[in-house]
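Next, two complexes with chain A in common: one pairs it with chain B, the other with chain C.
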Partner chain A sequence: MTGLVPMTGLVFWAELGIKMAVAAAAVPAIGMVIGYAEMKLSAHMQSRVGPYFAGGRYGWAQLIADGVKFIQKEDIIPAEADRPVFKWAPALVMLGTMALLVVIPLHPSRYGMVRDLDVGIFYALAVSSVSTIGVLMAGWSSANKYSMIGGLRAAGQLIAYELPLVLATVGVVIQAGTMSMQGIVQAQVAQSWPFMLTQFVGLAIFMTAALAELTRLPFDMPIAESELVMGYVTEYSGFRFLFFFLAEFANMFSMSAIAVTLFLGGYGFWGIPTDTLLSPLIVFAKVGILVFIMIWLRWTLPRFREDQLQTLAWKWLIPISIVNIIVTAVLKVVV
Partner chain B sequence: MSEYFQDYVAVAAFAAFGLVLVVLTLGITYLVRPSNPTKEKVTTYECGVDPVGEGWNHTFIRYYIFGLLFVVFDVEAVFLFPWAVAAESLGVPGMIAVVIFILTLLEGLLYAVRKGVLKWE
Partner chain C sequence: MLAHHLSEAAVSVELETEGMTLNIGPQHPSTHGVLRLVATIDGERATDVRPVIGYMHRGYEKLAEVRTYPQITTIVNRIDWVSGFANEVPFIVAAERLMGVEAPPRAQWIRLVLTEMARISSHLVFMASYPLELGAATPLFFALRERERVLDLLESVTGGRFHPNFNRIGGVKPVYAAGPVTKKAGMDIPAAFLAETRDAMDKVESTCEEIENLVAGNEVFLARTKGVGVIPVEKAASYGVSGPNLRASGCGFDLRKTSDYLPYDGFDFDIPTGENGDCWDRWWVRLEEIRQSARIIRQAIDGIPSGPLQAKVPRIIKVPAGETYVRAENPKGEMGYHLVSLGGLGPYRLKIRSASFSNLSILPWILQGALVPDFIAIMGSIDFVLGDVDR
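Right after this comes the complex of A and B.
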């Protein structure tokens, strides 16, 4: 038996290394796909063409060109800034992003996700708020009034919307009887319909809160170009700037993938066995739909005011999600 | 290494990898990018005008009362998850206990709302 232990250790490290390499490639790839989709969809929703020249057709290489440009761009650090905090803020944002990728299930086998944690969904909700510390650091350390207001708004927004986000998932946990991401998907596959049908209130609240956590319109007060220049990223340039955007797009993907896992049945789809190579494609298709809705909402809804945002969270979303929990529990336990 | 610790190691490795990725990329771009911080370039950006006063101005943080409420409800959420996993096996008695717990906290939120704490002035 003792001979086996280093062997399994080696397998574990090799597996982890490969998964890290995949994740390292996936983050820029996701960023490019969602970034391009956002540019093109935004353009067409506003009767524009969007990126057009880069790459020859449809401007498909626009984001690669942008990346090359960012590599060559000077990294300006303002003289007034708190240098170490300013420098490490994007790294902390990326830390949260990478940690969130650990619990996204693409396939039922052990290679379909990085690690099937027992507390999967709980962990995901916890690390999804790490990025906000990075945002607050960026806002404070820039020594810029716009950045500071943006950072504080981001903190207030996180505090208000973390709760609906967490409470909206409790209904799913009650129904599935587990917090493991694979377990939640398996529970939906076993009953052959997604939790969306019974937890539609949860889904609506979760997506609203996810938009707020991602600081996307209609909840983009921390960035709010027309009032705060670029909020907490005002003073950033070059690759540090790019990391904030990569993290935003990667988090968009992760949050959508978590919503897909919890509410839309993950890799399960009627009539298709779950353990084929189609499983990741099913997840990506479902994520694509949610990401499209997020981009769509951006061009549909005007920005909230800061007090309206707080009112929406505290007076509407939290009570509704608590009622949702109680109703779900009664139906589960009594009926 | 047991399965139990592998979970922790995987999470820690991925989190650290996020930092490494940033450090590595910035290290590589350091070789390519120019560096010429002139005086004007590194002044605080304030729409092209010379900055007025300091960046770290006194700001009224309206969120601290929200922060207090947040702590209360976040702890509530932490208590809800273990019950939610075992909701079926705990049955009606467990559910009644949790509903009382939730309603007590909801009453606190109602109190805060009636007190006008959540109003923005």
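Right after this comes the complex of A and C.
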């Protein structure tokens, strides 16, 4: 916790409060930007126009209008549902999403991230699974067979893809010698090239596993609208549905931001000093590239089958990432 | 209990799991309408599947008995609404046969062109919906955009996109070719139709390329379709599966080659057949059939005979007593009309043999032991329309 100055009482709580408010406001903001990007990009990939009228030009206000619509909708809870679990599931999904934003470094200064934890990457990977508990809760409590299959698929997917996700980052941690997110970025800035060049295998595995964690195509079996109607969100409506919706987009951002931090050098870019106000923009630009790739894949690939997904994880991604760790570790010692 | 079992090495430790009954449909995104499948699933695997049909039964066979012959075309083109025109033709041919009337050559060729267009549009709907069922949304837009072109052409001639109601006993509906001509001689298909069709066929063929590039090279698509839902040719035959589904299993049976309901015999076209009878083959056969249909349409518009659109028929159509059966190769498979007339204004009995009904009958057999995601892949690849199942 290099940047953390010991603080007491009011100052600590004030700063914490402001940071939390920023993180809380970031989720809908990010959700709207990425949601709009997805609508427009998918439209152009499919020779459509996409949102056009809302807000006057280019339909920029479409997502705001959608949000208002969702809030107005009736909040339906199925009679057979396990009410408290059903109600809390979206909140838990959102919690995992927001907790992930805590450790994303946008700037080298103390205000560049909510909290620079010593075990930053460890924390990020741990809280990223909290959402899946929410998904499982949603699937179980909905009293709907489709929801339950969706929730169980999500659980199976999480167990399978958490491992490659974690293992893919180990190579970076070995190279950087630290688990702190700031430390990892600083290591890349110091050596003036991103870990992507040496850890390209790790990046590929991380992004694949991240797609599976996000339950986006080609790994969206927990939702799989042609099979399971809408999977675990089938019974949700109104604002609770919006929570799942926003959490997905915000999670896309935070997963990409973690990948940027680990593999693409975070806020570092050749020739640009890291401590300017450009730093967050550099992070956003890099995240934008990864998010674009995710959206691109979403609209071009069909969905895998559940067993094919498991095969991919256990027979390919995990062994490859273990080999990657061994090679990295050996080279770290030898070179 | 479990610990006790574990202590005995010889005892299997498989958990006792109860099957779950999953109702897929009648309201479900991928059952193409109101099909209901009662599936008993064990985890993701189906142990028993029972299709329940009839949610869309409109009683067309009965309705036909209380209508006059010219009115029945409006009913039959709603059987398989994705290829409405193709449903009209065999019925009209059946009535014509009983009456001893034959449509003039030009009318027959127009029927042939529009039937093939209906086939293209039906298969393009399949090209659109099938990848969507596997999760890929984008091919839908490419295929439907092209179908719109074909439907526009159909509309320019018949006035209807889905329900043309264009066939008349003894020919096709008279259309004024250029402006309001009152004399029968001035009636023909729109002047620009043939040229526009030629252009549209170019575009359809390039779309086939496009779809093939988009979908056929996709590893995920291959992984989802190759070797999935294999129907051996004997099984297909014993369940009465017909059309592209039968040809995908390797049997080159096509009524366009063997039956004479339309003048297909001077045309040069191939019958694509699959090798394995899996979902991939069923997809590929349909893509190839679009190309073959485009080929047929090209030949037809090059050699279309001139002449009247209508044979001479009485003003009030009465079909002499008798019965006949006309079978036709429809986009979904074999379509048959068994028409029994007692000599009145309408049929005494009209039995409709619709392709989707027979094709669907193989579902319980083929879905046995399938995974839930494969359900959708297999069901989609059979390509049925619920209107064609329930009638």
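The rule we apply is simple: the second predicted complex is superposed on the first by the 327 of 335 C-alpha atoms of A that agree within 3 Å, B and C clash if a C-alpha of one lies under 4 Å from a C-alpha of the other, contacts with A are read in each partner's own complex, and residues count from 1 in each chain.
We adopt the following convention: contacts are C-beta pairs under 8 Å (C-beta built on N, C-alpha and C of every residue); 3 or more make two chains touch, one makes a residue touch a chain.
Owing to the predicted nature of the structure, the values given are computational and were not obtained by experimental measurement.
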Name the chain, either chain B or chain C, that contacts more residues of chain A.
B
Looking at A:Gln310, would you say it contacts chain B, chain C, both, or neither? Reply first, second, both or neither.
first
Which partner chains sit in contact with A:Arg83 here, chain B, chain C, both or neither? Use first/second/both/neither.
neither
A:Ile322 contacts which: chain B (first), chain C (second), both, neither?
first
Thinking of the overlay built on chain A, is A:Arg110 touched by chain B (first), by chain C (second), by both, or by neither?
neither
Partner chain in contact with A:Glu225 - chain B first, chain C second, else both or neither
second
By the touch definition at the top of the document, which applies to A:Lys69: first (chain B), second (chain C), both, or neither?
neither
Per the contact definition in the header, classify A:Lys145: touching chain B only (first), chain C only (second), both, or neither.
both
Could you say whether A:Leu101 touches chain B, chain C, both of them, or neither, answering first, second, both or neither?
first
Go through the superposed model and pick first if A:Ala23 touches only chain B, second if only chain C, both, or neither.
first
Could you give the residue numbers on chain A that contact chain B in one complex and chain C in the other?
145-146, 149, 229, 306-307
Touching residues on chain A, where the partner in the complex is chain B
5, 8-9, 12, 16, 20, 23-24, 27, 70-80, 90-92, 94-99, 101-102, 114-115, 117-118, 122-123, 127, 140, 142-149, 152, 155-156, 159-160, 162-163, 166-167, 170, 173-174, 177-179, 229, 234-235, 238-240, 243, 306-307, 310-311, 314-315, 318-319, 322, 325-326, 329-330, 332-334
In the complex with chain C, residue positions of chain A that touch it:
42, 45-48, 145-146, 149, 217-218, 220-221, 224-229, 299-308
Chain C contacts chain A in the complex at 20, 22-23, 28-30, 44, 131-138, 140-142, 145, 218, 220-221, 223-224, 371-376
Quick one: which bits of chain B touch chain A in the complex? Just the residue numbers, please.
1, 6-7, 9-11, 13-19, 21-23, 25-26, 28-30, 32-37, 41-47, 54-57, 59, 61-63, 66-67, 69-70, 73-74, 77, 80-81, 84-88, 90-92, 94-95, 98-99, 102, 106, 109, 113, 118-120
